[in-house]
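Shared chain: subunit A. Partners: subunit B in the first complex, subunit C in the second.
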Partner chain A sequence: MRWCLALLICAFVATVNALSSSGSRLLVVLDETTEKSTYSTLWSDLEARGYDLSFESPKSDKLSLFEHGERAYDHLLILPPKSKGLGPSLTPKHIVDFLNKDGNIVLALSGKSSTSSAVSSLLLEVDIHLANDRSAVVIDHFNYDTISAAEKHDVLLLQRSTPLRPDVKAFFDGEGVLALPRVAPQTLGSDSQLLAPILQAPATAYAYNPKEEIPSPDDIEATGSQLNIVSALQARNSARFTVLGSVEALEDKWFSASVKAPNGKKVPTVNREFARQLTGWTFKETGVVKVGKIEHHLATEGEVAAEDLNPKIYRIKNETVFRIEVSEYSFDKWVPFEVPAEDALQLEFTMLSPFHRLALQPISRTETSTVFGTQFVTPDQHGIFSFRVNYKRPFLTNIEEKHEVTVRHFAHDEYARSWAISGGWVWIAGLWAVIGGFLAFVIVWLYSAPTVNKVKKTQ
Partner chain B sequence: MPAKRHAASSTAAPASTTASLSSGPATLKSNSSVFDIAGHVWQQYTANTPQRTLLLDAFMAFLVLVGGIQFVYCVLAGNYPFNAFLSGFSAAVGQFVLTASLRMQISDSGATSSSKPSSKGKNARFADDEEVEEGISHERAFADYIFGSLILHFFCINFIN
Partner chain C sequence: MHLWQATAPFCLLVAAALPAAAASSWGFTDATVAVQPKGAGVNGGFKETLSVSKPLSKPVSLAGADTLRVTLTTQEGSSAKRPHQAFLLLKDSETGLDISYPFTVKENGKSRVELTQKELPIQFLSVSEPIDARVVIGSFGSSDAYDSSIFPLSIERHPDHPIPTFEAARYGKLPEINHVFKDAATSPPVIITLAFVALVGAALPVLAGLWLFLGANVSHLPTAFKSAPLPHAVFLGSLFAFEGIFFLYYTSWNLFQTLPAAAVVGAVAFVSGSRALGEVQGRRLAGLR
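Presenting the complex of A and B:
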């Protein structure tokens, strides 16, 4: 018993220490352990953020993403293998299974050597396409580093991008220049809502294999911002899969390098900060949204008693209040969630189709959450309704809440009394005029009886 | 409705005029104007109708007025508390029907009593088989009328909520 308790406390402490919102076991798949030292700053940064790093070679026999049918690791960082494939334990199927079990993956590519077909087929699973020539790199004659790539123009210098849409939260922006040497470009499938670009190539960029001739214009598949340098997939279960085109950008060398754009000044790179943003987002340190308490009740003055909260049944035309508490994870703590300026968190009151779709307004704010709420009148339609909050946005984990309630019709004694409706006064007056007239008639009739009898008798 | 009643009494009028042709004070000629005919009919009606029947007719005219006002109001102002309209209007209509049937019973028995010798053997037998001798008495008819009216009022007040 005490042993059990100790284990429980240990587990609790472990979850408290973990900075990611979804676990701290990180597996790094490296080709050779000698490579490990090239990225030492990245490893120390990750360890400082609370991850337990394990390093494995893709060919290792011990390497397995699953143990007893469960995930053995929470996150996966795959560096490009030198050899042909990723080995028998990292087939595309295993990696997709890992995603389906809520594991998060960063996959780094490199333009130095050609990308293996195993990686290419893995990317096809998530509708990310590599260039036909798998040795192609992104070249830009306007945004390159004049210090390290004066001739080849294959070290891109880019600003971190602001979101493509104004209603999406910015997780990857900031000041400074990003150096991206030898980027393997990706293009995204057009019909997947789960894919989103994190960093696109500038308009002047194009991709080609430096070992070959410049391709003819007909052979170019994509140019400019069609080429993605960093792209992301957030699966339906909110698991994240990020593809980074340039693994070299994570090296110590580029974390501390200084670069100089054509006719620009010499500036240090912000690769280290970008690596933090990128791994932080992928390993669910940012962009994680959590729903706290959900309350709905009849609109009343003052406090609502506990037994009146979240009733199972409402009546048509009831004034109803709905409240939802939403928090967002930001690196190491839960903070109040804020809806981007041009976006709206919406409540739907649905029976098959929404009868109401209302924007939820922030009402109050606690230390770790924002309470959103709205008030509405239940529709003039009885049946089984549900309160639904369906908030799915790029780079944010999905919110899908559904709370069923019954909406009944008026009970016989709940209709307004007719005298309360001024339009009915004429008919009420009519009814009472008839009754009054009847009474008067009866009285007059009874008093008139003798004369009638007399008349009859005389007749 | 009053027009109808006038029409009904005008069809009955020739019989009465022929009956009182010898002794009646005013006579109608074949070329009399419409107003003369109407005035004559009215005179005949007021002169020959028993007082209780007059009372019944006045009450029925009142009910027609009340029902008409309610119906016109419904057409003009809409039927929003529809139960109120139904109950107010049907109270007037129902009361009218009840009063009309009371009038039939009263004037029927009056007719049978007055024309006992002539028509007893032929027509009245089909009308009231059960009470062949004297028809329904006025008191019985009036009690039925009150009973029916109270039921009607009960329902209407309930329904108007």
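Presenting the complex of A and C:
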């Protein structure tokens, strides 16, 4: 009986272990099943991380992203098709619908052949732009693999980038060199705050169509770090969409290849580790934050009784405490969330516009979460306020918390008493002088005897 | 160790002096940079020869409507040749921003690029330090590509013209806001208040002194208490009790505690007051008042 239970728990732990925070059904859209063996290490890595892989050809009749109006898969990995488009069941609309229903997508491109217009128009939906003729390849005469591309210089060797901004968490950094053969570059629209580059081309890189001889200056649309090799979109619903410029980088061959930069040493690639980081982030194994308990109450000494927690009403100028518990998912478990060095988790106390916007400081931490908190005085303005935590950052899922409370003004008996106001002492003294004078007058009137001398004088 | 340290710079020198010894590498010759103010002739304005190995020490300044022109002849090894890539690369070391302007290259390697402030990204217009202008020449095959700084470029803006800014919406932390509270009500200095309190308090002694001067006294108190002790004591007591009730109402009682107490004390004062005043009338009728 006991070992039976142990076995059951073991089995349960095994299934729970190493799973994305948002489901394990992964659909891989592959052109032909023959292509499948080229990426076998990637598939086994994904399966080892707990994904159920299904392979479909874009032309297949059975292929559908939805079943009974719901997502049939949690994640989607699209490899570039050899044919013109992605077929009738993977139109840009279907894929955007999939994204809108919280599905995550990795879209791989290839510079080997020109990208289909269906993919290009899908990317336009999210403000990612391909080169005009859709068949550009990134070339860099300074960072290429001298072993495999000594002549054509189209296998880029790049360091994994540290974040561009100091206040963004690093999910894709690390030691080692990435080999990226025949990259189809993307440029990002500058208006969208949902887009973020994961890997940019070096400053000396440029893109050109290999079918043409020498690019004329007018043909060069973007150069250097404006060319993105891997870019990401995180939608408002936190669904993730990653574009990888070089599908070949995921091949077994490049997972285990050794490369040599000009004037460099021969080193093994870190493509396998990068693929893990990239799919892990896209399929929500990393960068997922979750809010636990939220508490607010009046600032008091010692423990707060349960009935005093999260009151519906506060008074103006109340000293108030706010606490929020945040966890972050890291591959297979929830860990305490840490705010990046130059970033801040901010609390807003708002009525139409924020009256307070304060950084929440880490107060304590549990095994799976960090409790952030702050203390502030409610503004001297009554009305319906809300505690808001609106934490939206590149590469992290969105936190949007809003808790409404009433802030009332002083009740009649909550103002300072008149004797506490020094300016009122004169009036208080006057009042008691009148009372004292009245009592003295009553006594004198009741018991005073007429003075004899004076009466005589007046007579 | 010492020997190595002594020979290392020499080795480097040799290596630098013999570029052709290794695989051939890209470079350029006959390079000039010119800044031509608007309206000036072809040879008007600033002109300087550029060197492959060393950047200009002084920044080249590009003002409002000027045209910056860089001309050079690209070379592979020592023969003029057309490369696949010939860029003028501007790089801001502070922000890490980079942008390339491709040279128009002829078959014989003669290349030129022209640039005005209008073509620069507006982020470059607001940098304080001179921008690093580099030349990048590279092509396919085994020849080493060339990438080196050739001159610093400083962007001169007319001080009266505002620098255009570009603020893209990005998720990030927002400035902290602390609510500014209205000023609390203030009282005058306590010393002034106390002076006026003393003035008000002085009214009582002044009143008493005036009454005493006019002959006020309490000589009838024994007489009154002898003829009607209870009414007088109770009447005076009820008056004091009234003031006590008011004091309690002021400090702690509410209206519902005050009114019944005031009603009881009022009734007592009415009854005892009419007796006490009857006694006072008796004194008046007796001619004592």
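What we mean here is this: the second predicted complex is superposed on the first by the 402 of 459 C-alpha atoms of A that agree within 3 Å, B and C clash if a C-alpha of one lies under 4 Å from a C-alpha of the other, contacts with A are read in each partner's own complex, and residues count from 1 in each chain.
Just so we're on the same page, contacts are C-beta pairs under 8 Å (C-beta built on N, C-alpha and C of every residue); 3 or more make two chains touch, one makes a residue touch a chain.
If you're wondering where the values come from, they're calculated on a predicted model, not measured in any experiment.
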item: Which superposed partner A:G103 touches (first subunit B, second subunit C, both, neither); value: neither
item: Larger contact residue set on subunit A - subunit B or subunit C; value: C
item: Touching partner for A:P262 - first (subunit B), second (subunit C), both, neither; value: second
item: First, second, both or neither for A:G245, with subunit B first and subunit C second; value: neither
item: First (subunit B), second (subunit C), both or neither touched by A:Y415; value: first
item: Which of subunit B and subunit C A:G430 touches, first, second, both or neither; value: both
item: First, second, both or neither for A:P81, with subunit B first and subunit C second; value: neither
item: Set of subunit A residues, in rising order, touched by both subunit B and subunit C; value: 421, 423-424, 426, 429-430, 433, 435, 437, 442, 444, 448-449, 451
item: Subunit A - residues contacting subunit B, complex; value: 415, 417-418, 421, 423-424, 426-431, 433-435, 437-438, 441-442, 444-445, 448-449, 451-452, 455-456, 459
item: Sites on subunit B touched by subunit A in the complex; value: 50-52, 55, 59, 62-63, 66-67, 69-70, 73-74, 77-78, 80-81, 83-85, 87-89, 91-92, 95, 99, 113-114, 142, 146, 149, 153, 156-157, 160-161
item: Residues of subunit C defined as touching subunit A within the complex; value: 82, 84-85, 87, 89, 91, 96-105, 113, 136, 138-142, 144-145, 147, 168-179, 181-182, 185, 187-188, 190, 193-194, 196-197, 200-201, 203-204, 207-208, 211, 215-221, 224, 232, 236, 239-240, 243, 246, 276, 280, 288-289
item: Residue ranges of subunit A touching subunit C (in the complex, touch as defined); value: 139, 141-142, 150-153, 164-165, 167, 190-191, 193, 203-204, 206, 208, 214-215, 217, 220, 223-226, 262-263, 317, 343-344, 346, 348-349, 354-359, 377, 379-380, 392-394, 421-426, 429-430, 433, 435-437, 439-440, 442-444, 446-451, 454
